[in-house]
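Next come two complexes, and both contain chain A; in the first it sits with chain B, in the second with chain C.
What follows is the complex of A and B.
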């Protein structure tokens, strides 16, 4: 997967931002629990400050943009490019063979195989091999 | 070697392998037969392919053993096993009367169960290989009446009609295939080929011949539209446009403007050139083409340049 430089930078930056948001959230929770333990009536939970929430949301969206724009090759979804890929060998179907396409069964017609002719061809070939 | 790698070797060979290919596949028999039987679909697929390979090379002892194991697993009255048994019998028959015996056996089996499709197909193939072509065709049409959505049968019928030069019938059959599988680009190319041969069979520059050539061109164009970089399709486009541009064909007979044909011809030339050079250099993304087809394309390019 080849990634362009701007998207790499974007991914790095937003990851850092996300990590920072996580750290802040963690610190905040520690702080609020110690604060709560000092009080006689423990508050059941304090809300996260708005800036941490915003930082998390912004960093995640930037990370998504960075990953999506990093220029990976998309899988072909149109028949034209998929079939072309199979024909030209760009896409490997398991057990693929040269010159075999998607509808090769209609050319080969395995149920109608003339086995005696093939057998004869083989014996003739063996004779030429000596 | 593992089961999957063995299976892939068989899958990568065509139904009509070259003799040396058959030999190397058939020589895998001992290693396949020595694998423990795991009763997976892959293993039985491998057995089936091995049976055909050993029969091609005349290794009848291995074939017998493979068939025995398949029959033990699936029973002798399984339609597919019956067809494989039939193939074995066809191969081991040494003279005409024994073959007639096999044929009679097929006919009897079909009397008991007319819907036994694999046996019906074997019977048709045997009839055809015994040079009873008209009987084979009528048996095949009966089978198609019974099972009209079987693209393989239609395709085979087209081949039989093509062999006896009944081109309109062959084209009709392939059009039926397209009704079942509208995306089958190789059938489009085949239709183009048959129309081209049909055009060759009528006198050179007549209106009829030009009509057929144009029909052929349309089929080929649809084939390359459905499949990008389709060597057989571009070959056809180049061949037919070249034919249409020949001076003996008068412009009045043509319905496609000359300008357009010229353009199509040059597009096909560019595409073929790409494929030929890419595949000769073994460039990535060009390794899937058959070398014989590439050689033929090269020849066509050299002949017309």
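What follows is the complex of A and C.
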């Protein structure tokens, strides 16, 4: 996951906007409690002005867009498209090169071993050791 | 062998990718639901309106995930398609939503 620059800027800007909305809501609640108005019941302190409401909603939606668009990577679940993507180099698995698929361990096995030749080499080596 | 098993035999899936994808989606949901809780606390929502706000917010987040992360093709990345994206980790999401909701309600209003 690598964050791109626009989403970083979007996250920073909308966090500032959200913090400002939070501070404004706090100030508004202080204002409505200190303004000793007898006719207002205490429940009306919870009605926010329209601009703070809009600021909160806009900042949270921008923050969500910024977080979700910041380079989250999903891999295809069907074996067909995943193995095809790995082999053609579109999907990078750790240390994999283009042209090497998921079954590289089966593709690149050692061929048959000439056991007689190896045994002869071993006996020659044993003779040189004395 | 029923139809679903035969389908799995014909079109095999990669279980590691399935698990990694659903983990990423539930991470996104829990992160965004705590942010939604902050918004609900600042707005001062109470009882049913708050949960309605969570519902709408989760739908918004799910559409964002389907369009931005999955490129409009959810059935490539999860077995159930867009239903899996919406229903991912609902209980954990509600928990973190209520946590930050009550926290910011108290911070702003008391």
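The criterion applied here is as follows: the second predicted complex is superposed on the first by the 65 of 130 C-alpha atoms of A that agree within 3 Å, B and C clash if a C-alpha of one lies under 4 Å from a C-alpha of the other, contacts with A are read in each partner's own complex, and residues count from 1 in each chain.
By definition in this document, a residue touches a chain if its C-beta (ideal position, glycine included) is under 8 Å from a C-beta of that chain, and two chains touch if they have at least 3 such contacts.
For clarity, every value in this text was computed on a predicted model and none was experimentally measured.
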item	value
Chain B versus chain C, judged by how many residues of chain A each one touches	B
Contacts of A:5 with chain B and chain C, given as first, second, both or neither	neither
Contacts of A:105 with chain B and chain C, given as first, second, both or neither	first
Contacts of A:84 with chain B and chain C, given as first, second, both or neither	first
Partner chain in contact with A:117 - chain B first, chain C second, else both or neither	first
Chain B versus chain C as contact partner of A:50, first or second or both or neither	neither
Contacts of A:126 with chain B and chain C, given as first, second, both or neither	first
Contact residues common to both interfaces of chain A (with chain B and with chain C)	79-81
Chain C contact footprint on chain A (complex, rising order)	18, 21-22, 25-26, 29, 45-48, 52-53, 56-57, 60-61, 63-65, 67-69, 72-82
Contact set on chain B toward chain A in their complex	7-16, 19-20, 22-23, 52, 55-58, 83, 87, 90-91, 117-118, 121-122, 124-125, 128-129, 151-152, 155-156, 159, 177, 181, 183-187, 190, 225-231, 275, 284-291, 293
Contact footprint of chain B on chain A as seen in their complex	79-81, 83-90, 94-119, 121-123, 125-126
Residues of chain C defined as touching chain A within the complex	11-14, 17-18, 20-21, 24-25, 28, 31-32, 35-36, 38-39, 42-44, 46, 60-61, 64-65, 68-70, 76-79, 104, 107-109
